[in-house]
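Here you go, one structure.
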């Protein structure tokens, strides 16, 4: 269960960075969904390394293989097992990790927890674990798209100190994908790219912020107490490597407003009730209200840097670490599709939970 | 399940604001824990309304009754059922809610989700639901305290635009409880209280930020992928009414640093390995590293204000709402103990999960 | 979680035999279900002790109190908390249990597991725990009845060596309730009652078999692999005190047939496809096929007998036990409503699970 | 979740009979367990078809591939992904299934539930799904063996009308494996084999009963209410294809005894408290008491027979079915290792749950 996510649309990921493969099992997928490998591959291609000169040079085709659950072009309601082979694994490049705990990585905590760890490339704490999430997220997105016209769009708003102006519209996928940094505001995108290249040149790294918007979510998704929609989104996002914060709607800035400024007045809208503003970010009392979901996630600068660092080795002795090899100076652009995937997984799961309680029986 | 939290130390809360009572069932509590009603009452007293002139005047003793699970002063491993009677329920005071959706409350979303709602005082979306959490949290805190010397301390750092300077030490409970606003920096606390009183006088409301620190957490708690310690803390906090954001360690501000500035160097410490700084906030790769946990939660200004507001009624017609009656101008001070409770619940649950996988069998 | 049952329609029971009360929380109940305390009380009345001269003389009105989740005569989708006070608790009557492990009771195993136990009347291993199940089961039965016309009928087929002939029809509730022993075949019922009285007079006890039939279950409930309908029914039944066996359809006797005799041929029926025979007991591949569910449960003779028994005491010394006080010579007749309750809980839960996966989205 | 089993040691199986492969993910496996593919292969070899002339002639090597979770010969605490390729898949041999519902198979119920099905060889309802269970069970057995010296031994006691005499000892693995039918009483085994061959020659099939005994289980495993050890064993066994009944200890026969005959007197034993008899089958109040676990499972005759059968086709029309091709006249002998696997999975899971609640914290 520690490697599973979701209650009704449940995914279980497995696999290490430098093992033979990584993958995911999706359990509870609705039957009769038209689905092809290409639906999944499209999202994997957005996630994979080596897409541009601002990411890690690790070369991986990340070609997905569907091992079960599809028959004659449709899902059958049975588990979907999805597999991606690791091609460019170089376990020998990580010998130094065996001896030294890399600062702000999970080497030490895994060792403390399990008394053993697969040190090759971070093992399971590697970002390669997110391949399974993205593959499953692609299935969830297809469900949302076909069944409800739901659109999920994430994009980069901050890289280090470079901040994009707020968007006045729901951006198209093309706008987001226009640059390698996935910020739909082009002048800002250029500055972000320059910042990342500068960090890379210095053997350093930078972080940033992703914003995610979702439109087409019906009112009623989310549970009222613990499994609030924003709570499950927060969990989903904080479960991603390198994340340090989550906020929805007005977020931390909303604490600077008074109630009279912050409340979203209800107004009549076509199709029913809506709100005049959206400080709530699309959820009230843990339940979607039919407005756009809007939330943001903070990503710390990548822990792997190519500079000498003070550390402690596995024997508890003071040591120094000089990382070599491949290095991703900023994970934020590639995380955009991962954020979208997690969002889709949360929404499909809550949609099914909502329907189960409220639409199974008619009274 | 929508009203349950935790996997091994699981709580289920129930009850509405103006029903006969609220309560909680704790399932999975370790046996042989010395426990008295007074252990639980102490935390309920910190949460209950009417404690000071900056909270709601609703009068509730919130006296807990233990209905099961304790025998001769100790837990038995069987479910603890805890009950608190609602004393000052005034369902008639909320007639207007029956007709109008209160802005930024859950009236509309509950109606949209369930097709029915208990409109009296917000029903289950009322903050009274958190009584069960605080009662269960008190049990969890006692476990942590007896078993591991873990200390959890939350306090208010921001109310509206009043911000406390950073603390240079782990505050004592007495420091936090010194003022009704629960900010351990006294000059700031005074300003916060003035701000809250000003908002109340204007029929308005304010929000703020709570910081929570935990010391004594052993390295190894938290799961590596989805159920990361920070992910479950984020979910726990975003499941609280009125929360809009969560950040751990460096949080959103950490995105402004470079990797070389952000990484926490490992150093030798008494008792083993530690870090020189704590940008990570006590977790790395989702697992506690033995340093202090530090995280912050944003609370929006209370949605209930005593000013006329535009809204829509249950018939979908434009309407106006003028709230009357009791009003809590700032929920942040009372939320301190709720934050501590949720933190304790997450930690006990993860401690049990960690032990199950790693200490059940010896190889 | 050890005291919870169900995934989407989830119940959590709590309370000890001689504590202040017992109860249950139902989480996930569909909203808008018309529900009154009397709906629940009717089933509790069938379960409660003191109904006739063949059960325990413990006097309990078992009056249910609804503490939450109903508003203006309907469920709201929020947790239903149901409470029953223990009236005739006599903790002092059980002093001997404190010292001696009662044979074939749970005294020793609770002590071994928890290192502590509430010895008064068996604490939580008492049949009083099933009050919460019956109360929740009554809600589930109302859902099934209103939403799908599903009828659940359990009855006694064996008491000790007295066996009823097979029924040639689905019995009415009146037929089952016609005698205190709840066997719808009257001549057999009389012999069963005589057998129970004889056992009681000898300070001894007897067991028996309950058969349960369900009609109106649509095809499609149950999951194909682990959560098969028969698997969850088996678990539900084996979770009842004193049960030692479960069989569905042809059961153990079916092993004496050949495949050519055992297979249920498909035939055209009004409303679609049906089977000519029902050796399958209404499930194929773990999923209901639209035929009647038919299964049987074995109950051992009650462990409490009023005869001297050899045992070991809590100090590990050989000892003798002479039970005194109230004594239920045969639990089988009262278990009929408990079997029906568990069946209803399984069916509602699976119905919701089925709908969630298959009817939430349309492709 | 419908394809997952266990709460802390959780397995998720996937794959269809005639898809590319079948497999399992094990989540929650303790770290540092020495484990090799050969540990798993040994049990798969006992399960695989083509072992003898009394099973299906389908030829499958069932070679397991470990895709993740093992590092340098030990588990790491991360998910174990295990894969077995389908070699002898012949989807074309099953064309008739596409049109006709096979009697007492899952074709109709899958179609009714999902509106779609992979008809090739039963898809997921095929016994090939149990490969994942057996592979995971082998890991669980290794844990039990190394950590606690627990031994699990299942064997065939009945095939059709041939019944073995009761065993007076815990049989060795060699005794069970001595014949293809896995009945440790050789004269009976010969008769069973003759019976199976006779059924095969007639194009018919037979069922039978498996008994399973476990020694070395410590007192204290199992939860007191819903997740009783016998309840979870019953669920595990009824989740196996072709099972129709489960009984533990005295089972259905125990209903013929009086309490004074059925109760297991406690006696002093080396190592503590034990019972003089074992009608309880090793569990009391849902919790293991340290005695041998003893339970039995009824398997119906295989549904696939090579005789003409009446049925209905997918258009709802009366039809006839004449199965061709490979045919397993009795699944009972091969099910022995599957029963052992499920038993091991239940025990490891409960052991971890028990330890979590009772041994995580010391008071």
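Chains: A, B, C and D, in written order; residue numbering restarts at 1 for each.
Convention: contacts are C-beta pairs under 8 Å (C-beta built on N, C-alpha and C of every residue); 3 or more make two chains touch, one makes a residue touch a chain.
Everything numeric in this text was worked out from a predicted model, so none of it was measured.
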* A-C or A-D: which has the larger count of contacting C-beta pairs? -> A-D
* Structure fact -> Greatest centre-to-centre gap (Cα means) from subunit A is with chain C
* Asked: Can you give the whole-Å distance between the Cα centres of subunit A and subunit D?
  -> 39
* Roughly how far is subunit C from subunit D, going centre to centre by Cα mean, in whole Å? -> 26
* **CA centroid of subunit A to CA centroid of subunit C, Å** => 45
* Asked: Of all residues in subunit B, which are in touch with two or more distinct other chains?
  -> 1-4, 7-8, 13, 28, 31-32, 74, 77-78, 113-115, 124, 224, 353, 357-358
* Where on subunit A is subunit C touching in the complex? -> 7-8, 28-34, 74, 77-78, 143, 146-148, 224, 351-353, 355-363
* Asked: In the complex formed with subunit D, which residues of subunit A make contact?
  -> 1-4, 7-8, 10, 12-16, 19-23, 25, 27-28, 31-32, 67-69, 71, 74-81, 83, 113-118, 123-124
* For the complex, which residues does subunit D have touching subunit C? -> 1-5, 7, 13, 101, 103-106, 108-110, 112-115, 124-125, 129, 158, 160-161, 199, 204-209, 219-228, 230-239, 241, 243-252, 254-268, 272-273, 275-276, 279-281, 283-290, 298-305, 307, 309-312, 316-318, 353-354, 357-358
